[in-house]
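First chain A sits with chain B, and in the next complex the same chain sits with chain C.
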Partner chain A sequence: MDQTTHFNNSLLRLADTKLVLGNICIATVFNGRSLGDFATMLAIAGTSLGATRALYRLLETAGEDYSWLERGRDASQIASIDVLDTAPESWADLMITIYLAEAASCALTRKLEKHADRIIANQSKMISKESIFHMAYCLGWIKTLIEYESDTVQAVVLKRLPSALRWVDQCEPQVKEQFVDSINALLGLNHLEMPVALDITSQWNSALGRAHALPSSLWEIVRFKDPELAR
Partner chain B sequence: MKQSYKEEFYEIFARKNSDDTLQHIGSVKAPGQEVAIAHAWNIYDEHAWSELCIVPLSAVVAVTEQGKQVKIKPI
Partner chain C sequence: MKHVNKQPDSVEFGLNLQHVKCPFCDSSEKVEFMNMTAGAANEILMRCGKCRSFFSVIKDLNMLAGMRQEPTKSN
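And then the complex of A and B:
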(Lines of atoms letter the chains of each structure in order from A and count residues from 1; the text may use other names and numbers.)
(Lines give C-alpha, C1' and ligand atoms only; values in the text may rest on other atoms or scores of the structure.)
Protein backbone atom coordinates (compact mmCIF):
# COMPACT_ATOMS: atom_id res chain seq x y z
CA MET A 1 0.00 0.00 0.00
CA ASP A 2 1.48 3.38 -0.96
CA GLN A 3 1.67 6.28 1.47
CA THR A 4 -1.16 8.26 -0.15
CA THR A 5 -3.54 5.31 0.03
CA HIS A 6 -2.53 4.66 3.63
CA PHE A 7 -3.15 8.32 4.50
CA ASN A 8 -6.52 8.38 2.72
CA ASN A 9 -7.55 5.22 4.57
CA SER A 10 -6.68 6.89 7.89
CA LEU A 11 -8.78 9.94 6.97
CA LEU A 12 -11.67 7.71 5.92
CA ARG A 13 -11.52 5.73 9.19
CA LEU A 14 -11.63 9.02 11.05
CA ALA A 15 -14.47 10.46 8.96
CA ASP A 16 -16.59 7.31 9.20
CA THR A 17 -16.01 7.01 12.94
CA LYS A 18 -17.36 10.56 13.31
CA LEU A 19 -20.26 9.70 11.00
CA VAL A 20 -21.37 6.71 13.06
CA LEU A 21 -20.70 8.48 16.37
CA GLY A 22 -22.85 11.44 15.31
CA ASN A 23 -25.71 9.18 14.33
CA ILE A 24 -25.48 7.18 17.58
CA CYS A 25 -25.72 10.44 19.53
CA ILE A 26 -28.83 11.43 17.59
CA ALA A 27 -30.42 8.01 18.16
CA THR A 28 -29.65 8.01 21.88
CA VAL A 29 -30.21 11.67 22.74
CA PHE A 30 -33.40 11.06 24.71
CA ASN A 31 -31.52 8.86 27.16
CA GLY A 32 -30.02 12.10 28.44
CA ARG A 33 -30.71 12.96 32.06
CA SER A 34 -31.55 16.61 31.49
CA LEU A 35 -31.91 19.37 28.93
CA GLY A 36 -28.16 19.91 29.33
CA ASP A 37 -27.48 16.32 28.29
CA PHE A 38 -29.82 16.64 25.30
CA ALA A 39 -28.04 19.81 24.20
CA THR A 40 -24.61 18.26 24.70
CA MET A 41 -25.46 15.02 22.89
CA LEU A 42 -26.83 17.01 19.96
CA ALA A 43 -23.72 19.20 20.01
CA ILE A 44 -21.54 16.07 19.83
CA ALA A 45 -23.71 14.85 16.94
CA GLY A 46 -23.49 18.19 15.13
CA THR A 47 -19.75 18.62 15.46
CA SER A 48 -19.11 14.95 14.61
CA LEU A 49 -21.16 15.11 11.42
CA GLY A 50 -19.49 18.45 10.61
CA ALA A 51 -16.10 16.77 10.97
CA THR A 52 -17.27 13.93 8.72
CA ARG A 53 -18.25 16.33 5.94
CA ALA A 54 -14.99 18.30 6.27
CA LEU A 55 -12.93 15.10 6.13
CA TYR A 56 -14.88 13.84 3.09
CA ARG A 57 -14.00 17.17 1.42
CA LEU A 58 -10.33 16.57 2.20
CA LEU A 59 -10.63 13.10 0.71
CA GLU A 60 -12.28 14.61 -2.34
CA THR A 61 -9.28 16.87 -2.91
CA ALA A 62 -7.16 13.72 -2.57
CA GLY A 63 -9.05 12.15 -5.47
CA GLU A 64 -12.02 10.38 -3.88
CA ASP A 65 -15.56 10.91 -5.16
CA TYR A 66 -17.51 12.96 -2.57
CA SER A 67 -20.94 11.67 -3.54
CA TRP A 68 -19.65 8.08 -3.28
CA LEU A 69 -18.21 8.79 0.15
CA GLU A 70 -21.37 10.41 1.45
CA ARG A 71 -24.12 8.42 -0.23
CA GLY A 72 -22.61 5.77 -2.46
CA ARG A 73 -21.45 3.11 -0.02
CA ASP A 74 -23.07 0.20 1.73
CA ALA A 75 -22.53 -1.14 5.27
CA SER A 76 -19.58 -3.28 4.20
CA GLN A 77 -17.65 -0.20 3.03
CA ILE A 78 -17.95 1.91 6.16
CA ALA A 79 -14.68 2.33 8.04
CA SER A 80 -15.86 3.31 11.53
CA ILE A 81 -14.25 2.06 14.74
CA ASP A 82 -15.96 -1.18 15.79
CA VAL A 83 -16.24 0.00 19.41
CA LEU A 84 -19.43 1.64 18.14
CA ASP A 85 -20.86 -1.56 16.63
CA THR A 86 -22.77 -2.82 19.66
CA ALA A 87 -25.64 -0.68 20.91
CA PRO A 88 -24.95 0.83 24.35
CA GLU A 89 -26.99 -0.90 27.06
CA SER A 90 -26.97 1.83 29.68
CA TRP A 91 -26.11 5.49 30.19
CA ALA A 92 -22.71 4.39 31.56
CA ASP A 93 -22.15 2.25 28.47
CA LEU A 94 -23.06 5.18 26.21
CA MET A 95 -20.71 7.60 27.98
CA ILE A 96 -17.82 5.10 27.87
CA THR A 97 -18.49 4.22 24.22
CA ILE A 98 -18.44 7.89 23.19
CA TYR A 99 -15.33 8.48 25.31
CA LEU A 100 -13.43 5.60 23.67
CA ALA A 101 -14.46 6.57 20.13
CA GLU A 102 -13.47 10.18 20.77
CA ALA A 103 -10.20 9.21 22.45
CA ALA A 104 -9.23 6.99 19.50
CA SER A 105 -10.16 9.54 16.85
CA CYS A 106 -8.57 12.37 18.82
CA ALA A 107 -5.32 10.41 19.09
CA LEU A 108 -5.27 10.30 15.29
CA THR A 109 -6.18 13.98 14.78
CA ARG A 110 -3.51 15.07 17.30
CA LYS A 111 -0.96 13.43 15.02
CA LEU A 112 -2.51 15.00 11.90
CA GLU A 113 -2.20 18.43 13.52
CA LYS A 114 1.47 18.26 12.55
CA HIS A 115 0.72 17.46 8.91
CA ALA A 116 2.61 19.53 6.32
CA ASP A 117 -0.66 20.45 4.56
CA ARG A 118 -1.98 23.49 6.45
CA ILE A 119 -5.63 22.72 5.67
CA ILE A 120 -5.35 19.18 7.04
CA ALA A 121 -3.43 20.41 10.09
CA ASN A 122 -5.97 23.16 10.89
CA GLN A 123 -8.96 20.91 10.34
CA SER A 124 -7.40 18.31 12.62
CA LYS A 125 -6.79 20.92 15.33
CA MET A 126 -10.44 21.91 15.23
CA ILE A 127 -11.61 18.29 15.44
CA SER A 128 -9.20 17.54 18.31
CA LYS A 129 -10.44 20.57 20.24
CA GLU A 130 -14.04 19.41 19.93
CA SER A 131 -13.17 15.80 20.84
CA ILE A 132 -11.30 16.89 23.97
CA PHE A 133 -14.37 18.86 25.07
CA HIS A 134 -16.64 15.86 24.43
CA MET A 135 -14.25 13.57 26.33
CA ALA A 136 -14.27 15.91 29.35
CA TYR A 137 -18.07 15.76 29.39
CA CYS A 138 -18.11 11.93 29.20
CA LEU A 139 -15.39 11.60 31.81
CA GLY A 140 -17.34 13.92 34.09
CA TRP A 141 -20.32 11.61 33.83
CA ILE A 142 -18.17 8.49 34.24
CA LYS A 143 -16.74 9.92 37.50
CA THR A 144 -20.29 10.28 38.83
CA LEU A 145 -21.42 6.89 37.57
CA ILE A 146 -18.52 5.12 39.27
CA GLU A 147 -19.93 6.26 42.62
CA TYR A 148 -23.28 4.62 41.89
CA GLU A 149 -22.56 1.67 39.61
CA SER A 150 -18.84 0.96 39.58
CA ASP A 151 -19.35 -2.69 38.57
CA THR A 152 -21.24 -1.67 35.42
CA VAL A 153 -18.66 0.98 34.54
CA GLN A 154 -15.75 -1.45 34.98
CA ALA A 155 -17.48 -4.18 32.98
CA VAL A 156 -18.18 -1.79 30.09
CA VAL A 157 -14.59 -0.49 30.04
CA LEU A 158 -13.23 -4.03 29.93
CA LYS A 159 -15.73 -5.02 27.24
CA ARG A 160 -15.15 -2.09 24.86
CA LEU A 161 -11.55 -1.04 25.44
CA PRO A 162 -9.83 -4.09 23.82
CA SER A 163 -11.40 -3.34 20.43
CA ALA A 164 -10.43 0.35 20.70
CA LEU A 165 -6.87 -0.76 21.44
CA ARG A 166 -6.91 -2.92 18.32
CA TRP A 167 -8.07 0.10 16.29
CA VAL A 168 -5.17 2.28 17.47
CA ASP A 169 -2.72 -0.61 17.07
CA GLN A 170 -3.05 -0.22 13.30
CA CYS A 171 -1.97 3.45 13.51
CA GLU A 172 1.49 4.93 14.04
CA PRO A 173 3.06 4.44 17.52
CA GLN A 174 2.46 8.12 18.46
CA VAL A 175 -1.28 7.62 17.95
CA LYS A 176 -1.34 4.66 20.29
CA GLU A 177 0.70 6.59 22.89
CA GLN A 178 -1.75 9.49 22.72
CA PHE A 179 -4.70 7.09 23.08
CA VAL A 180 -3.13 5.31 26.05
CA ASP A 181 -2.60 8.70 27.74
CA SER A 182 -6.32 9.45 27.39
CA ILE A 183 -7.31 6.01 28.58
CA ASN A 184 -5.15 6.14 31.69
CA ALA A 185 -7.58 8.68 33.12
CA LEU A 186 -10.42 6.22 32.59
CA LEU A 187 -8.49 3.24 33.94
CA GLY A 188 -7.27 5.25 36.94
CA LEU A 189 -10.81 6.11 37.96
CA ASN A 190 -11.74 2.43 37.81
CA HIS A 191 -8.53 1.04 39.35
CA LEU A 192 -8.15 -1.18 36.30
CA GLU A 193 -5.09 -2.44 34.46
CA MET A 194 -4.76 -1.88 30.71
CA PRO A 195 -6.40 -4.86 29.00
CA VAL A 196 -4.90 -6.62 25.99
CA ALA A 197 -5.99 -5.50 22.52
CA LEU A 198 -8.22 -7.85 20.54
CA ASP A 199 -6.38 -9.96 17.96
CA ILE A 200 -6.29 -8.97 14.33
CA THR A 201 -7.92 -11.96 12.67
CA SER A 202 -7.78 -13.15 9.08
CA GLN A 203 -11.03 -11.25 8.35
CA TRP A 204 -9.40 -7.97 9.32
CA ASN A 205 -9.64 -5.35 6.62
CA SER A 206 -6.69 -3.00 7.14
CA ALA A 207 -8.11 -0.34 4.81
CA LEU A 208 -11.37 -0.10 6.78
CA GLY A 209 -9.79 -0.84 10.14
CA ARG A 210 -12.37 -3.44 11.03
CA ALA A 211 -13.10 -7.13 10.47
CA HIS A 212 -16.76 -7.14 9.48
CA ALA A 213 -19.39 -4.99 7.82
CA LEU A 214 -21.28 -2.53 10.00
CA PRO A 215 -24.11 -4.46 11.75
CA SER A 216 -27.42 -3.88 9.98
CA SER A 217 -29.03 -2.52 13.17
CA LEU A 218 -26.36 0.19 13.29
CA TRP A 219 -26.43 0.89 9.55
CA GLU A 220 -30.18 1.42 9.96
CA ILE A 221 -29.64 4.48 12.18
CA VAL A 222 -27.01 6.07 9.93
CA ARG A 223 -29.03 8.78 8.17
CA PHE A 224 -28.52 10.68 4.93
CA LYS A 225 -26.82 7.75 3.25
CA ASP A 226 -29.33 7.20 0.46
CA PRO A 227 -28.73 8.92 -2.90
CA GLU A 228 -32.51 9.46 -3.25
CA LEU A 229 -32.49 11.78 -0.22
CA ALA A 230 -30.07 14.12 -1.98
CA ARG A 231 -32.47 14.81 -4.84
CA MET B 1 -36.01 3.41 35.53
CA LYS B 2 -33.45 6.17 35.53
CA GLN B 3 -31.04 6.29 38.44
CA SER B 4 -31.11 9.52 40.43
CA TYR B 5 -27.68 11.02 40.94
CA LYS B 6 -26.55 13.62 43.37
CA GLU B 7 -26.58 16.82 41.35
CA GLU B 8 -25.71 20.39 42.13
CA PHE B 9 -26.75 23.74 40.70
CA TYR B 10 -24.15 25.85 38.96
CA GLU B 11 -24.80 29.51 38.23
CA ILE B 12 -23.66 30.74 34.83
CA PHE B 13 -22.06 34.14 34.24
CA ALA B 14 -20.94 35.64 30.96
CA ARG B 15 -19.90 38.80 29.15
CA LYS B 16 -19.99 39.54 25.45
CA ASN B 17 -16.87 41.70 25.38
CA SER B 18 -14.35 43.20 27.76
CA ASP B 19 -16.39 46.43 28.12
CA ASP B 20 -19.41 44.55 29.46
CA THR B 21 -19.95 43.65 33.05
CA LEU B 22 -20.03 39.96 33.92
CA GLN B 23 -23.73 39.12 34.08
CA HIS B 24 -25.70 36.25 35.47
CA ILE B 25 -27.35 34.48 32.50
CA GLY B 26 -28.83 31.33 34.07
CA SER B 27 -28.06 28.10 35.82
CA VAL B 28 -27.58 24.39 35.12
CA LYS B 29 -27.91 21.31 37.27
CA ALA B 30 -25.21 18.69 36.86
CA PRO B 31 -23.52 15.83 38.73
CA GLY B 32 -20.11 17.50 38.54
CA GLN B 33 -18.08 20.39 37.24
CA GLU B 34 -17.06 18.83 33.89
CA VAL B 35 -20.65 17.99 32.99
CA ALA B 36 -21.80 21.45 34.17
CA ILE B 37 -19.23 23.10 31.87
CA ALA B 38 -20.51 21.12 28.87
CA HIS B 39 -24.12 21.91 29.74
CA ALA B 40 -23.39 25.62 30.15
CA TRP B 41 -21.46 25.75 26.89
CA ASN B 42 -24.18 23.99 24.92
CA ILE B 43 -27.29 25.55 26.49
CA TYR B 44 -26.17 29.18 26.76
CA ASP B 45 -24.78 29.39 23.24
CA GLU B 46 -26.93 32.32 22.08
CA HIS B 47 -23.82 34.56 21.87
CA ALA B 48 -20.16 34.10 21.12
CA TRP B 49 -19.32 35.09 24.71
CA SER B 50 -15.88 36.50 25.33
CA GLU B 51 -16.12 34.95 28.80
CA LEU B 52 -18.40 32.26 30.17
CA CYS B 53 -17.95 30.88 33.65
CA ILE B 54 -19.76 28.74 36.19
CA VAL B 55 -19.95 28.97 39.95
CA PRO B 56 -21.28 26.14 42.12
CA LEU B 57 -24.30 27.45 43.99
CA SER B 58 -22.81 25.93 47.14
CA ALA B 59 -19.89 28.37 46.83
CA VAL B 60 -22.16 31.41 47.02
CA VAL B 61 -22.02 33.03 50.44
CA ALA B 62 -25.17 34.77 51.62
CA VAL B 63 -24.71 38.15 53.26
CA THR B 64 -27.21 38.35 56.11
CA GLU B 65 -27.76 39.80 59.51
CA GLN B 66 -25.50 38.08 61.98
CA GLY B 67 -26.83 34.68 62.99
CA LYS B 68 -29.57 34.60 60.36
CA GLN B 69 -29.56 31.61 57.96
CA VAL B 70 -30.64 32.09 54.34
CA LYS B 71 -30.88 29.38 51.71
CA ILE B 72 -29.76 30.70 48.33
CA LYS B 73 -32.14 29.55 45.61
CA PRO B 74 -30.98 28.85 42.07
CA ILE B 75 -32.03 31.68 39.79
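And then the complex of A and C:
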Protein backbone atom coordinates (compact mmCIF):
# COMPACT_ATOMS: atom_id res chain seq x y z
CA MET A 1 0.00 0.00 0.00
CA ASP A 2 1.46 3.38 -0.96
CA GLN A 3 1.48 6.45 1.28
CA THR A 4 -1.41 8.13 -0.57
CA THR A 5 -3.66 5.10 -0.25
CA HIS A 6 -2.77 4.75 3.41
CA PHE A 7 -3.57 8.42 4.03
CA ASN A 8 -6.85 8.23 2.10
CA ASN A 9 -7.87 5.18 4.14
CA SER A 10 -7.11 7.11 7.30
CA LEU A 11 -9.26 10.06 6.18
CA LEU A 12 -12.07 7.70 5.16
CA ARG A 13 -12.05 5.97 8.55
CA LEU A 14 -12.28 9.38 10.19
CA ALA A 15 -15.06 10.58 7.85
CA ASP A 16 -17.11 7.40 8.23
CA THR A 17 -16.71 7.41 12.00
CA LYS A 18 -18.17 10.92 12.03
CA LEU A 19 -20.93 9.79 9.66
CA VAL A 20 -22.03 6.96 11.92
CA LEU A 21 -21.58 9.03 15.09
CA GLY A 22 -23.75 11.82 13.69
CA ASN A 23 -26.51 9.42 12.75
CA ILE A 24 -26.39 7.69 16.14
CA CYS A 25 -26.80 11.07 17.85
CA ILE A 26 -29.85 11.81 15.70
CA ALA A 27 -31.35 8.38 16.42
CA THR A 28 -30.79 8.67 20.17
CA VAL A 29 -31.46 12.37 20.76
CA PHE A 30 -34.77 11.76 22.54
CA ASN A 31 -32.97 9.89 25.30
CA GLY A 32 -31.60 13.26 26.41
CA ARG A 33 -32.32 14.29 30.00
CA SER A 34 -33.29 17.85 29.13
CA LEU A 35 -33.86 20.19 26.23
CA GLY A 36 -30.23 21.18 26.71
CA ASP A 37 -29.18 17.60 25.95
CA PHE A 38 -31.40 17.58 22.86
CA ALA A 39 -29.67 20.73 21.63
CA THR A 40 -26.19 19.36 22.33
CA MET A 41 -26.86 15.94 20.81
CA LEU A 42 -28.13 17.59 17.66
CA ALA A 43 -25.10 19.89 17.70
CA ILE A 44 -22.80 16.86 17.85
CA ALA A 45 -24.78 15.31 15.00
CA GLY A 46 -24.58 18.48 12.91
CA THR A 47 -20.88 19.07 13.38
CA SER A 48 -20.09 15.37 12.85
CA LEU A 49 -22.00 15.20 9.58
CA GLY A 50 -20.42 18.52 8.57
CA ALA A 51 -16.99 17.01 9.20
CA THR A 52 -17.94 13.95 7.14
CA ARG A 53 -18.97 16.09 4.19
CA ALA A 54 -15.75 18.15 4.36
CA LEU A 55 -13.59 15.03 4.61
CA TYR A 56 -15.37 13.41 1.65
CA ARG A 57 -14.60 16.58 -0.33
CA LEU A 58 -10.93 16.29 0.67
CA LEU A 59 -10.98 12.68 -0.51
CA GLU A 60 -12.58 13.82 -3.76
CA THR A 61 -9.62 16.12 -4.41
CA ALA A 62 -7.42 13.07 -3.79
CA GLY A 63 -9.17 11.19 -6.58
CA GLU A 64 -12.12 9.49 -4.88
CA ASP A 65 -15.65 9.74 -6.29
CA TYR A 66 -17.74 11.94 -3.96
CA SER A 67 -21.08 10.45 -4.95
CA TRP A 68 -19.73 6.94 -4.35
CA LEU A 69 -18.44 7.98 -0.94
CA GLU A 70 -21.69 9.64 0.06
CA ARG A 71 -24.29 7.22 -1.28
CA GLY A 72 -22.65 4.60 -3.48
CA ARG A 73 -21.44 2.17 -0.85
CA ASP A 74 -23.06 -0.67 1.03
CA ALA A 75 -22.69 -1.68 4.69
CA SER A 76 -19.59 -3.75 4.01
CA GLN A 77 -17.71 -0.70 2.70
CA ILE A 78 -18.25 1.68 5.62
CA ALA A 79 -15.04 2.34 7.56
CA SER A 80 -16.37 3.57 10.91
CA ILE A 81 -14.87 2.61 14.28
CA ASP A 82 -16.64 -0.52 15.52
CA VAL A 83 -17.10 0.92 19.01
CA LEU A 84 -20.23 2.44 17.47
CA ASP A 85 -21.59 -0.87 16.14
CA THR A 86 -23.56 -1.94 19.21
CA ALA A 87 -26.57 0.16 20.15
CA PRO A 88 -26.10 1.98 23.48
CA GLU A 89 -28.22 0.44 26.25
CA SER A 90 -28.34 3.42 28.58
CA TRP A 91 -27.61 7.14 28.79
CA ALA A 92 -24.26 6.28 30.40
CA ASP A 93 -23.50 3.85 27.58
CA LEU A 94 -24.31 6.53 24.99
CA MET A 95 -22.10 9.14 26.68
CA ILE A 96 -19.17 6.69 26.94
CA THR A 97 -19.63 5.48 23.36
CA ILE A 98 -19.55 9.04 22.01
CA TYR A 99 -16.57 9.87 24.23
CA LEU A 100 -14.54 6.91 22.95
CA ALA A 101 -15.36 7.55 19.29
CA GLU A 102 -14.43 11.22 19.70
CA ALA A 103 -11.25 10.43 21.66
CA ALA A 104 -10.08 8.09 18.89
CA SER A 105 -10.91 10.46 16.05
CA CYS A 106 -9.57 13.50 17.93
CA ALA A 107 -6.24 11.77 18.53
CA LEU A 108 -5.94 11.45 14.76
CA THR A 109 -7.03 15.01 13.93
CA ARG A 110 -4.60 16.45 16.50
CA LYS A 111 -1.85 14.74 14.51
CA LEU A 112 -3.24 15.95 11.18
CA GLU A 113 -3.22 19.53 12.46
CA LYS A 114 0.48 19.47 11.60
CA HIS A 115 -0.04 18.13 8.07
CA ALA A 116 1.94 19.92 5.34
CA ASP A 117 -1.25 20.52 3.33
CA ARG A 118 -2.75 23.65 4.89
CA ILE A 119 -6.31 22.70 3.95
CA ILE A 120 -6.02 19.34 5.69
CA ALA A 121 -4.34 20.96 8.70
CA ASN A 122 -7.04 23.65 9.02
CA GLN A 123 -9.88 21.18 8.61
CA SER A 124 -8.31 18.96 11.26
CA LYS A 125 -8.03 21.89 13.70
CA MET A 126 -11.71 22.60 13.27
CA ILE A 127 -12.72 18.97 13.78
CA SER A 128 -10.42 18.66 16.83
CA LYS A 129 -11.96 21.69 18.48
CA GLU A 130 -15.47 20.34 17.99
CA SER A 131 -14.46 16.89 19.25
CA ILE A 132 -12.85 18.32 22.38
CA PHE A 133 -16.10 20.08 23.31
CA HIS A 134 -18.10 16.92 22.57
CA MET A 135 -15.76 15.01 24.89
CA ALA A 136 -16.12 17.69 27.58
CA TYR A 137 -19.90 17.33 27.36
CA CYS A 138 -19.76 13.53 27.66
CA LEU A 139 -17.22 13.65 30.47
CA GLY A 140 -19.41 16.10 32.38
CA TRP A 141 -22.29 13.67 32.15
CA ILE A 142 -20.11 10.70 33.04
CA LYS A 143 -18.97 12.51 36.22
CA THR A 144 -22.61 13.07 37.16
CA LEU A 145 -23.69 9.52 36.33
CA ILE A 146 -20.89 7.97 38.38
CA GLU A 147 -22.54 9.41 41.50
CA TYR A 148 -25.70 7.40 40.82
CA GLU A 149 -24.73 4.36 38.76
CA SER A 150 -21.01 3.82 39.00
CA ASP A 151 -21.34 0.07 38.35
CA THR A 152 -23.05 0.72 35.02
CA VAL A 153 -20.48 3.32 34.01
CA GLN A 154 -17.56 1.02 34.86
CA ALA A 155 -19.12 -1.93 33.05
CA VAL A 156 -19.66 0.12 29.91
CA VAL A 157 -16.09 1.47 29.94
CA LEU A 158 -14.74 -2.08 30.23
CA LYS A 159 -17.08 -3.30 27.50
CA ARG A 160 -16.40 -0.55 24.93
CA LEU A 161 -12.80 0.53 25.55
CA PRO A 162 -11.01 -2.69 24.39
CA SER A 163 -12.42 -2.33 20.87
CA ALA A 164 -11.46 1.37 20.77
CA LEU A 165 -7.93 0.40 21.82
CA ARG A 166 -7.81 -2.19 19.05
CA TRP A 167 -8.86 0.44 16.51
CA VAL A 168 -6.11 2.81 17.59
CA ASP A 169 -3.50 0.01 17.74
CA GLN A 170 -4.36 -1.29 14.30
CA CYS A 171 -5.31 1.85 12.41
CA GLU A 172 -3.46 4.77 13.99
CA PRO A 173 -0.75 3.46 16.34
CA GLN A 174 1.19 6.73 16.06
CA VAL A 175 -1.58 8.56 17.98
CA LYS A 176 -1.84 6.02 20.80
CA GLU A 177 -0.29 8.38 23.35
CA GLN A 178 -2.79 11.14 22.53
CA PHE A 179 -5.67 8.64 22.79
CA VAL A 180 -4.43 7.24 26.10
CA ASP A 181 -4.23 10.79 27.50
CA SER A 182 -7.94 11.23 26.79
CA ILE A 183 -8.83 7.80 28.14
CA ASN A 184 -6.93 8.31 31.38
CA ALA A 185 -9.51 10.95 32.35
CA LEU A 186 -12.22 8.34 31.92
CA LEU A 187 -10.32 5.59 33.74
CA GLY A 188 -9.32 7.90 36.60
CA LEU A 189 -12.94 8.82 37.31
CA ASN A 190 -13.82 5.14 37.49
CA HIS A 191 -10.71 3.94 39.35
CA LEU A 192 -10.05 1.47 36.54
CA GLU A 193 -6.84 0.17 35.00
CA MET A 194 -6.32 0.32 31.24
CA PRO A 195 -7.85 -2.85 29.78
CA VAL A 196 -6.19 -4.94 27.08
CA ALA A 197 -7.12 -4.24 23.47
CA LEU A 198 -9.27 -6.80 21.69
CA ASP A 199 -7.39 -9.19 19.42
CA ILE A 200 -7.80 -8.92 15.68
CA THR A 201 -9.37 -11.82 13.83
CA SER A 202 -8.64 -13.20 10.38
CA GLN A 203 -11.56 -11.11 9.06
CA TRP A 204 -9.89 -7.84 10.08
CA ASN A 205 -9.81 -5.40 7.16
CA SER A 206 -6.90 -3.02 7.66
CA ALA A 207 -8.20 -0.48 5.13
CA LEU A 208 -11.63 -0.21 6.74
CA GLY A 209 -10.29 -0.66 10.28
CA ARG A 210 -12.88 -3.24 11.19
CA ALA A 211 -13.61 -6.95 10.83
CA HIS A 212 -17.24 -7.03 9.74
CA ALA A 213 -19.77 -5.03 7.80
CA LEU A 214 -21.79 -2.42 9.66
CA PRO A 215 -24.63 -4.26 11.48
CA SER A 216 -27.84 -4.15 9.46
CA SER A 217 -29.75 -2.33 12.21
CA LEU A 218 -27.14 0.44 12.26
CA TRP A 219 -26.90 0.54 8.48
CA GLU A 220 -30.65 1.12 8.36
CA ILE A 221 -30.06 4.32 10.36
CA VAL A 222 -27.01 5.46 8.38
CA ARG A 223 -27.86 4.64 4.77
CA PHE A 224 -29.52 6.99 2.33
CA LYS A 225 -33.14 5.96 2.38
CA ASP A 226 -33.81 6.77 -1.23
CA PRO A 227 -30.71 7.27 -3.34
CA GLU A 228 -32.85 8.11 -6.34
CA LEU A 229 -34.02 11.31 -4.65
CA ALA A 230 -30.43 12.46 -4.21
CA ARG A 231 -29.63 12.33 -7.93
CA MET B 1 -32.69 2.40 33.12
CA LYS B 2 -32.40 4.84 36.01
CA HIS B 3 -33.23 8.46 35.36
CA VAL B 4 -30.75 10.95 36.79
CA ASN B 5 -32.39 14.32 37.29
CA LYS B 6 -29.21 16.14 38.23
CA GLN B 7 -27.60 17.96 35.32
CA PRO B 8 -23.84 18.46 35.02
CA ASP B 9 -22.73 22.03 35.70
CA SER B 10 -19.92 24.06 34.16
CA VAL B 11 -17.36 22.62 36.58
CA GLU B 12 -18.28 19.06 35.64
CA PHE B 13 -17.98 19.98 31.98
CA GLY B 14 -14.50 21.36 32.76
CA LEU B 15 -15.42 24.91 31.76
CA ASN B 16 -13.89 28.07 33.18
CA LEU B 17 -16.21 30.92 32.21
CA GLN B 18 -15.25 33.53 34.79
CA HIS B 19 -13.96 35.93 32.12
CA VAL B 20 -17.16 35.90 30.07
CA LYS B 21 -18.94 39.26 30.05
CA CYS B 22 -22.63 39.90 29.53
CA PRO B 23 -23.01 41.68 26.17
CA PHE B 24 -25.99 43.65 27.49
CA CYS B 25 -24.75 45.10 30.80
CA ASP B 26 -21.02 44.34 30.46
CA SER B 27 -20.94 42.59 33.82
CA SER B 28 -18.78 39.51 34.32
CA GLU B 29 -19.49 39.09 38.01
CA LYS B 30 -22.48 36.78 38.05
CA VAL B 31 -22.63 35.16 34.63
CA GLU B 32 -24.11 31.67 34.86
CA PHE B 33 -23.54 28.68 32.64
CA MET B 34 -26.84 27.43 31.23
CA ASN B 35 -26.06 24.83 28.58
CA MET B 36 -23.30 23.43 26.37
CA THR B 37 -25.18 24.44 23.24
CA ALA B 38 -26.97 27.72 22.57
CA GLY B 39 -28.46 28.76 19.25
CA ALA B 40 -25.69 27.11 17.26
CA ALA B 41 -23.41 24.15 17.76
CA ASN B 42 -20.38 26.34 18.39
CA GLU B 43 -22.01 28.44 21.13
CA ILE B 44 -22.48 28.03 24.88
CA LEU B 45 -25.68 29.37 26.44
CA MET B 46 -25.14 31.76 29.35
CA ARG B 47 -27.26 33.98 31.59
CA CYS B 48 -26.31 37.22 33.24
CA GLY B 49 -26.91 37.20 36.98
CA LYS B 50 -27.13 40.98 37.04
CA CYS B 51 -29.53 41.92 34.23
CA ARG B 52 -30.92 38.32 33.87
CA SER B 53 -30.50 38.35 30.07
CA PHE B 54 -29.70 35.13 28.22
CA PHE B 55 -26.81 35.30 25.77
CA SER B 56 -24.42 33.01 23.93
CA VAL B 57 -20.65 32.92 23.62
CA ILE B 58 -18.55 31.22 20.97
CA LYS B 59 -16.84 28.07 22.25
CA ASP B 60 -13.13 28.61 22.78
CA LEU B 61 -10.59 25.96 23.80
CA ASN B 62 -9.26 28.38 26.42
CA MET B 63 -12.55 27.91 28.27
CA LEU B 64 -11.69 24.29 28.96
CA ALA B 65 -9.88 24.38 32.25
CA GLY B 66 -9.81 20.74 33.11
CA MET B 67 -8.99 19.00 29.86
CA ARG B 68 -5.74 18.49 28.05
CA GLN B 69 -5.53 20.96 25.19
CA GLU B 70 -2.11 20.54 23.72
CA PRO B 71 -0.92 17.59 21.64
CA THR B 72 1.64 15.34 23.25
CA LYS B 73 5.32 15.37 22.30
CA SER B 74 4.95 12.39 19.98
CA ASN B 75 2.50 14.28 17.81
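Here is the rule we use: the second predicted complex is superposed on the first by the 222 of 231 C-alpha atoms of A that agree within 3 Å, B and C clash if a C-alpha of one lies under 4 Å from a C-alpha of the other, contacts with A are read in each partner's own complex, and residues count from 1 in each chain.
Assume contacts are C-beta pairs under 8 Å (C-beta built on N, C-alpha and C of every residue); 3 or more make two chains touch, one makes a residue touch a chain.
These numbers were taken from a predicted model, which means no experiment stands behind them.
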Combined model on chain A: chain C and chain B, fit or clash: clash
Which of chain B and chain C A:Ala39 touches, first, second, both or neither: both
Contacts of A:Arg110 with chain B and chain C, given as first, second, both or neither: second
First (chain B), second (chain C), both or neither touched by A:Glu149: both
Partner touching more residues of chain A, whether chain B or chain C: C
Partner chain(s) touched by A:Ser182 [first = chain B, second = chain C, both, neither]: second
Partner chain in contact with A:Ala136 - chain B first, chain C second, else both or neither: both
Touched partner set for A:Ile127, first chain B, second chain C, both or neither: neither
Which of chain B and chain C A:Gln174 touches, first, second, both or neither: second
First, second, both or neither for A:Leu208, with chain B first and chain C second: neither
Residues on chain A lying within both footprints (that of chain B and that of chain C): 33-34, 36, 39-40, 42-43, 91, 133, 136-137, 139-141, 143-145, 147-149
Of chain A, residues touching chain C in the complex: 33-34, 36, 39-40, 42-44, 46-47, 89-91, 110-111, 113-114, 129-130, 132-133, 135-137, 139-141, 143-145, 147-149, 174-175, 177-178, 181-182, 185
Touch list for chain B against partner chain A, complex: 2-3, 5-6, 28-43
Chain B contact footprint on chain A (complex, rising order): 33-37, 39-40, 42-43, 91, 133-134, 136-137, 139-141, 143-145, 147-149
Chain A contact footprint on chain C (complex, rising order): 1-9, 12-15, 34-38, 40-42, 45, 59, 61, 64, 67-69, 71-72, 74-75
